[in-house]
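Below you'll find the structure, written out as C-alpha cells, and then a few comments.
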Amino acid sequence: MRNLPNARTLIFGLLVHSFVCGNAFAASEADFKQAYAAADAAERQAGTLRNQWLVTEAALTDAKKAAEKGDFDRAVAAAKEAEALAKASIFQAESEKEVWKNLEIR
Amino acid sequence: MAHVDGAGKRVSMRWLSILLAALLPAATCAAAADDTDPAKEARAFRDFFVKKFPNVKLDDFANGPYSLNEDMRRQWEEKEQFPPYEFSLESGKELFAKPFANGKHYADCFTNSGIGVRQNYPQFDVKSSKVITLELALNQCREANGENAISYTGEDMAALTAYMAFTSRGKPFDIKIPDDPRARAAYENGKRYFYTRRGQLNFSCATCHVQNPGERLRAEVLAPALGILNAMPIYRSEWGGMGTVSRRFITCNSQVRGVPLEPQAEDYRDLEYFLSYVANGLPISGPGSRP
Amino acid sequence: MASSIRVRAIANGETTEVQTLIQHPMDSGFIKNDKGDFIPAHYITELAFEHNGKPVFVADWGTAVSKDPYVKFAFKGATKGDDLKVSWIDNKGESDTATFKVQ
Amino acid sequence: MTILDSDPSITRRLVLRGAGSVALAGLGIVAMSAPTVLAAANDKYPEDAFKQKNDKEAIKLLYGRTAEPSDKIKLDAPEIAENGAVVPISVSTSLADVTSIAFVVPENPNVLAAYYRIPQGTLPNVANRLKMAKTSNVTVLVEAAGKLYSATKEVKVTVGGCGG
C-alpha cells in the first residue's frame, strides 16, 4: 500500500513529538492559560477550515483535565501538543487547497 | 506560520517536514490538464477502475469489496440467502406507509410515490441552490408535513432509505447536473472533498478507495470508489446494524482521525453528489451488507 | 402480534429446506458499552421447530451465535401448506413463537 | 429476495427494534405461556457444557467421550472471516444415523457455540453464523449411530466478534 507509510510517518512523528515535549520546568496556571489559549485559537482556525483532528480535541481535553487537577506541567505540555497538532492540521488544509488535484483521476 | 516561542517553532518545523514528506510523492504525479467536463470525468473515473480490475464486470462494482475478493464474496452470498438487513427493510416499508399526523404520506413528497426513485438522488435543487440527498429529501418531507426531522444516522432513516433503495434495485444511477453554475460548483466541491487529504492519518477518500481498493486496511478489504454508494444503506457486521450514507461518511472521517462534519453538511452532500454522478449507469444494489 | 421470527420453508420433493432469521441482540456478555461497562449476556438458549406436533430440529445456543441469528436445516416428510411451528426462549426467559406455512 | 411481496404476515410491526436491551419487554406475556415446542423437546439445555472454557472439557460434558476425526464430514468455513461477528459456517455429512451436531470454537471465551439435535427424518446438514473472538480452529462434532466424529478447520479472524 503506497500510502500507508505516510500514516506511519505521521504517527511516528507524534510519538517523537510527545517525547521531546516533556517539560523540565514547573508550569503555572498562567502558563497553562496562555498555552491553552494559543492551542484553542489554532484549533478554531482548523475548524473554519473544516479540518480538525480527533487527536487535537483529545489533547485539549487532556490539558483541561490536568489543569483542573492542578497538574500544570502536564496541562501545558498537552496544550502545546494540541497547538502543534492544530497547526499541522491547518497546514494540511492549506496545502491541500491545491495539492488535492494531483490525486484526481482524469 | 507564526509561532509564539522557540519550542513551538521546533515542533512546527518537525511537523512541516513530516507533512511535506507525506505530500511529496503525490505531488510528483501532477497532471496539468484542466479539462473539467463532468461527463468526461465520470468516464475517466469508470475507466480507471475497469482498467485496474479487468476481471470485474462493470455492474459488479456496485457490490463493493465483494467484487474484488472471492473468499469474502462466498461469505456474502451465504449471508444474502437471508440477509441481516431484512428486519430493517421491513421496518422501512412500514415507516414509509405510515401516515403523518396530517394524514399525508412520504409517498406524497416523491415522484412515482417514492417507488423506484432512489437512483435519481442526490438532485441539485435550483430553487434552494443545494444538493438534495435522499436522506435530506425524507426529512424535508417530514418537516413540510409538520413532523420533526429524524436522525440522519439512526435506524429509522436507514430503514426508510433501505426500503426506497430496495424498490429501486437494478435501476442505474441517473444523476443530473443541471446547466447551472451552482450545480457545477456543488459537483466540483464534492470532487475536491473526495480527493482532499485530511485527519491525522493524512488520508483522502481517494487514498483508500481509489489507490488501494481490494487491499486490506487492517482487516477490512477496501471498496472501490466506483459504485460505493449503490449499496447504501448498509448493514455492517462491524456496527451490528444498519447505517446510512451519513453514518458511513462520518465513520470514514473518524477512521482517518479527523473530526467528522455534521450529518448532511454541505461538503457531505456535495461528496454524495459527486460519487453518485460518477457511478451513473451502475445499478442500485441497496440495501447492502458489508463486513 | 409482531414476530421476531422469519422463516422460509420450501418443499422440494420429499425434502423441505428451512431457513430462519431471528431478531435478537445475542449479547455475549463479553462486550463493553460506550461507558466501559459490560453489556449483560442476553442470548437465545433454545430454538425449536415442530412439524405436525413433532420436533424436527432443536438448537441449543450459547453466547457465540451471531446477532440476529440465522440457521438452515432440512427435513423430510412435509408437503406444501403444512404448518411449521417455531419457538425460541432466551437466558432472560423471554420468548417468541410463530407458525409458518411450508411453501 | 421476495420478502416484500410474499407472505403478508411478514410485514407485521416488529417488537424487536434494533438491539435495545428493553426491546424484548413486550414479549414478557408470551414468556408466561412456555412454548409447547420447547416442552416437547425433552432433552435438557446443556448449560454446563456452554460455560466451559476448554474444548475437551466441553466435549466431555456434552458427550462423555472423545471424538475421532472423520473424512465423511464436510465442514465449510471461510479461510479469513470478513468479520468475526458473523462467520458463516456449515456442515454436511454422509455418516448415517446422525443424532446431533455441535460446533466448538476453542479460542472463544465460551468454547461451545451451538448444539443441534437431529431427530430421525432430519438431514445431517446445518448452516449457521457464529461469532469468533480471534483466529481459531472450528471443530464440528457429529454424533452418529452412538459414536462421535469430528472435523476441524482453521478460520483466520482479524476483526474479532467478541469485543472487549
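In this document, chain identifiers A, B, C and D correspond to the written order of the chains, with residue numbering beginning at 1 in each.
Methods note: a residue touches a chain if its C-beta (ideal position, glycine included) is under 8 Å from a C-beta of that chain, and two chains touch if they have at least 3 such contacts.
Here the structure is a predicted model, which is why all the values come from computation and not from measurement.
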Review point. Counting C-beta pairs in contact, which comes out ahead: C-D or B-D?
Key: C-D
Check your understanding: Whole-Å distance, chain B centre to chain D centre, using C-alpha means?
Key -> 36
Point to revise | Distance between the centres, which are taken as Cα means, of chain D and chain A, whole angstrom | key: 48
Review point. Using the average of all C-alpha atoms in each chain as its centre, how far is it in Å between chain A and chain C?
Key: 51
Review point. Taking each chain's centre as the mean position of its Cα atoms, how many Å separate chain C from chain D?
Key: 11
Point to revise | Multi-partner residues of chain D (at least 2 other chains) | key: 3, 10, 13-14, 16, 19, 85-87, 90, 127, 129, 161
Review point. For chain B, which residues are shared contacts with two or more other chains?
Key: 79, 84, 86-87, 240
Practice item. Could you tell me which residues belong to chain C and also touch two or more other chains? Key: 6, 23, 67, 70, 72
Exercise for review: For this structure, give each pair of chains that are touching.
Suggested key: A-B, B-C, B-D, C-D
Review point. Quick one: in the complex, what on chain C touches chain D?
Key: 1-4, 6, 15, 23-28, 30-32, 38-40, 42, 45-46, 48-50, 53-67, 69-77, 85-90, 92-97, 100-101
Check your understanding: Which of the residues in chain B come into contact with chain C in the complex?
Key -> 79, 81-82, 84, 86-87, 240
Exercise for review: Show which residues of chain B lie in contact with chain A when the two form their complex.
Suggested key: 1, 4, 7-8, 11-12, 14-16, 18-19, 21-23, 25-27, 29-31, 33, 35, 41, 44-45, 48, 191-192, 195-204, 206-207, 210-212, 215, 217, 254, 257-259, 261, 267
Review point. Chain C touches which residues of chain D in the complex?
Key: 3, 7, 9-10, 12-16, 19-21, 23-24, 26-28, 30-31, 34-38, 40-41, 43, 45-46, 50, 85-87, 90, 105, 108-110, 112-119, 121-123, 125-133, 161-164
Check your understanding: Which residues, counting only chain C, touch chain B once they are in their complex?
Key -> 6, 8, 19-21, 23, 67-68, 70, 72
